[in-house]
Amino acid sequence: MGAMREAAATRQDGPEAAPAPAGPPILDAAGVSRRFGAVVALRDASLRVARGEVVALMGANGAGKSTFVKILTGALKPDTGRIRLAGREVRLTSPAAARRAGLVPVYQEPALIPDLDVGDNLRLTRTPSGPFLHWAAELGLGAVRLDARAGALPLATLRVLDLARALAAEPDLLVLDEMTAALPTDLVDRVLSVVRAQADAGRAVIYISHRFAEIARLCDRATILRDGTTVGDLPIAPGVEEQAVELMLGGRLSAPAALATRASPAASGPPRLRVRNLAAAPKLAGLSFDLRPGEVLGVVALEGQGQDELFEILGGLRRPEAGRIEVDGRPRAFRHPADAIAAGLALVPGDRADALLSVRSVRENLALPALARPRAWGPIAMRREAEAVSRTIARLQIDTRAQGEARRLSGGNQQKVTIGRWLTGAPPRIFLLLDPTRGIDVRTKRQIYALVRDLASEGVAVLFYTSELPEVPQTCDRVIVLFGGRVVDALPAAEADEPRLMRAAYGLTEGEGGADRAREAAP
Amino acid sequence: MTARPVAARPSVAIVAARHGWTLGLAVLLALLLALTKIIQPAFGATGLEALVRAALPFAFATAAMTVVVIAGGIDLSVASMMAVAGVTGAVLMQNAGDGAGALLAVGAVLLVGAAMGATNGLLIVGTRLPDIVVTLAMLFVWEGVALLILRAPGGAATPWLRELVVGPLVIPGLPPAATALVPQALLVLAVILAAIWLPLRRSRLGLGIYAVGSDETAAFRSGVSIGATKVAAYTLAGVLAALGGLSVTLATGIGEPIPGPYLLASVAAVVLGGVALGGGRGGLLGPLLAVFILRVVRLDLTLLAVDPNVTTIIEGTIMAAVVMAGGLLAMRERRS
Amino acid sequence: MTAAAASPSPLARAARLLRDNPVIALLALLLLLVGVLEILRPGIVNERWIGNTIRFAIPLAMLAACQTLTMLTGGIDLSAGSVATVAAFVAATQAPLIGPEAAMLVALGPALLVGLANGVGVGLCRVHPLIMTLATGLIAVGALQVYQRGVIATGSAVPPLLGWLGTGRSWGVPHALVLFVPFAALLLWAERRTGFGRLLYAVGANERAARLAGVRVWGVHLALYALSGLIAGLAGLLYLGVIRAPSLSLAEPLLLPSVAAAVIGGTSIFGGRGGYAGTIVGALILTVLGTLLTMLQMPEGGRRILFGLIILVVTAAYLRLTDRG
């Protein structure tokens, strides 16, 4: 490992040391940084792209890819840094300005106005319809109706139309964010060859993708972001995957290994939660797994692989289109979070803003679930509530010095509040934690790992999605990896080293027995 | 996932799907008019003329509300702005005399309307408060302004302008019988709204209004200036509300500072007309048909000798039901 | 952000005071207004004037309770004025027919009904509260006009109890306080110390979070708007005792001030913040302000403009204050 990391490090003395681009750089961005409040999304990102090149922009979840793309395309203003287009320094104040400068993006969410028809969408962006239709045909969409309402078209079609519109603008630099997600394979092939042809014709492309296979086929170089910083720049060659994975993970490989105190016994007995063939288009495509009492089941996936939908369905926020959910052998269907809570499932959402009563006190936040039922609408037993709340505050070591409104707490303490709310009364039977450690400090993270193990030892079943791979061996008993709305790998957490998880999350284990192991997730 | 359903649907189906609601409204209106003829066999040109004249302010109020709602907002101050425009017009016309001065007065009223609408829009964009809060406050402000201009009903309307919205259409060279059934007010309404709406609908500003209401992020990424588009939509609503206020003054011959029942009626017509309250969807024709439907319902109830106050209740209940059904539909859509 | 915290300008400090202790700041404003009044017309502030101010502020404060409670959830009740009018009118016209006590009870029936309709519209159909309550308010007024034609011959009478409450005073203390003090105490207790009160804040602070915690938000809305209707009815009855003459637009002039009183009192129109204590002071401020404006001969139009601007400016100011971390 160490030797490999050194090898990679020699290549990352900075963007200046990158392999010489094929031609003069069309884009040269350096020192770009951007904060959102206390969160630093980008700290020193740089990227150079030359004419004739397709450059992959890679990074783990939260590495800053989306922020970087938004800045490069004028949708977001950077705090610092400079951007040069064709040698001239530019200030991209809006997407329209970026477009005029020859830089055209295709975002993950289609930028077509859903309530306008395709033709009006072209008019809105002053795109000539002739070249648009040419590119749409080239991309494999036979005859395109200009009078079709954009919102009525399937996501895949919309994304390809978005690309066709971008190509019709004859951009110098095309920025494609997860262009092939949600596309069927035949369209993926068309898209890849059209994009490659663009580069070969002297244009430049920035390509963001979670799919290694496509990057290997399409790209000339890969620029790698970690924690908002550009950490490496690799030419695409056989074996580059290993280097890329390592650069993406970086120093995290040296994180401490599994916690020594793994108290809970090997989970056994009948599953407490049984999920079978859960489906909800377009993200969930038949997902199955079991979760036993006292078990912490890790869930690992890149963004948008169906994990959000899975947690929302289990939490009662969304209804599945197909599939079964059984709790202790009884089939369940949740129409409202109250139903899920009654069945013993409690959800801590990935975005704290969804769970926090930010302008109310810690006490009111912690006591909320106890007051949810109409039965509890009457007088509050204030002393009993105060006792229960202070027990939770003590157990989770919530720092309540910032009295008054919960939004004045630090991020870590806010997260403790959204978790602690479910422990103020009787604990849930199944605890659904969606990325509970995202964006919080190390100390709080450790406390949360300990709490999760503690709960498991009390017999609570925990489903634990995390975007931080080192947490898996530290906290979980088993782990499943999602890709494209399915379980593609399942393994004991002790074997779940990061490179393996990362490869599976990038869909690289498919066809190598990963699917067999995935089947084992739901015996 | 099928990748190419774009070509799958024939054009007729698309037209029917997109305009089905409007077509349904047109059929409903025709049925209601036929019903009116059955209830009151004497119903003819005069009845139709009175109906359109009464509907005129409602139609302009609804047009104003439609533009704002399509842009994703709502304008609760529509009726108050009409009152301001109405009394301003009455005062100016009283002093303007008969000739070109009256036209100047009309121009001034439209400018006042644009200024009021622009104020609403600028306040919304500037304060970043929700549309509904700002226009609620401005509802009271414009109401007060109207009362300051005229404390009690007063002023006057220029007679030849009043003639414009009274009586059947007369086209020189055609026998009067040929156009007897077309009220002049309808022509005025159609010409004014067509002159504003048709060029707008296809312009980049019009597309921008739809885009902002439909998906603000996508609109921004498509290069639409969000703030300017909103201000433009509210300004246009102010002009349309001013036309509505003028039409009240022309119909009654006097300026009335207390706002009429146009706010709720316009919201109901907008919802019934197939414009989603969330924005981005619908056109002007549907809400206008809805205005006439609601007016014909009122007329029929009156013809059936229902107590006018009961008619008000029924009308109010229909409007509330329409808004509630609209809410339920929107909720179902969000869920799917 | 940190720079502003390090060297707070006097304005920022005043803003912080207003945010953390709105009631204290509001009381200071109230005293200031009273002082201005006393300077403009020395001798006006006496026991009798104070009693009268309280007497007129109480119905306003009760109607503003409807706005406060609904605004805590991010809503509003624009039907409150009409509901109060309906209740007052029904009580006055039924009193000669079925006796004053029964008439007062019957009068609360339509108030509850309108409130329930609002609750269904807002909670189940998800109509914006503003639109929904505006609609039911107009329907209620229409219904009242129909009702009036049915009872035009029976005459009307103000139930004696309401007259006693509305106009009577003992040792200089208005009797209205007999109703209002327990009412306000109950509300102040309920908003902090009952599950329902807490849920109002929770729904207003973050409806999604409340749902995630298992709250069926529609149920809260239904109960809330029904309660708001009842309170509006009660306020109408009391106002009937104050004015002593039923009319078809009795309480309408109180609607706009009731919204303004809640907003001035520090209840956020976006929900989740505020409470009834501030609203009570807000109602007193508006009543004193009304006296002041009358003294300055401000026309009705100017008053409306002023109230509208107060709502706009105060809401924008609170938004700025609360945005600032």
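For reference, chains read A, B and C in written order, and residue numbers begin at 1 within each chain.
We adopt the following convention: contacts are C-beta pairs under 8 Å (C-beta built on N, C-alpha and C of every residue); 3 or more make two chains touch, one makes a residue touch a chain.
A quick note: this is a predicted structure, and the numbers were derived from the prediction, not measured.
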Chain contact graph, described as a line, ring, star, complete graph or other shape: complete
Pair joined by more contacting C-beta pairs (A-C or B-C): B-C
Chain centre separation (chain A, chain B; CA means) in Å: 46
Distance between the centres, which are taken as Cα means, of chain C and chain A, whole angstrom: 47
Between chain B and chain C, centroid-to-centroid distance (C-alpha), Å: 33
Chain B-touching residues of chain A, taken from the complex the two chains share: 75, 94-96, 99, 105, 107, 109-116, 120-121, 123-125, 140-145, 147-149, 151, 153-154, 156-157, 160, 182-184, 186-187, 282, 319
Residue ranges of chain C touching chain B (in the complex, touch as defined): 117, 120-121, 125-128, 130-132, 134-136, 138-139, 142-143, 145-146, 149, 256, 269-270, 299-309, 311-312, 315-316, 319
Chain C contact footprint on chain B (complex, rising order): 74, 76, 123, 127-130, 132-134, 136-141, 143-149, 151, 257, 261, 263-264, 267, 277, 307, 309-310, 312-313, 316-317, 319-320, 323-328, 330-331
Touching residues (chain side chain A, partner chain C) in the complex: 315, 317, 336-338, 341-342, 347, 349, 353-360, 364, 367-369, 371-374, 376-380, 382, 404, 407-408, 421
Residue ranges of chain C touching chain A (in the complex, touch as defined): 20, 193-196, 198-199, 201-202, 205-206, 208-216, 219, 223, 272-273, 322, 325
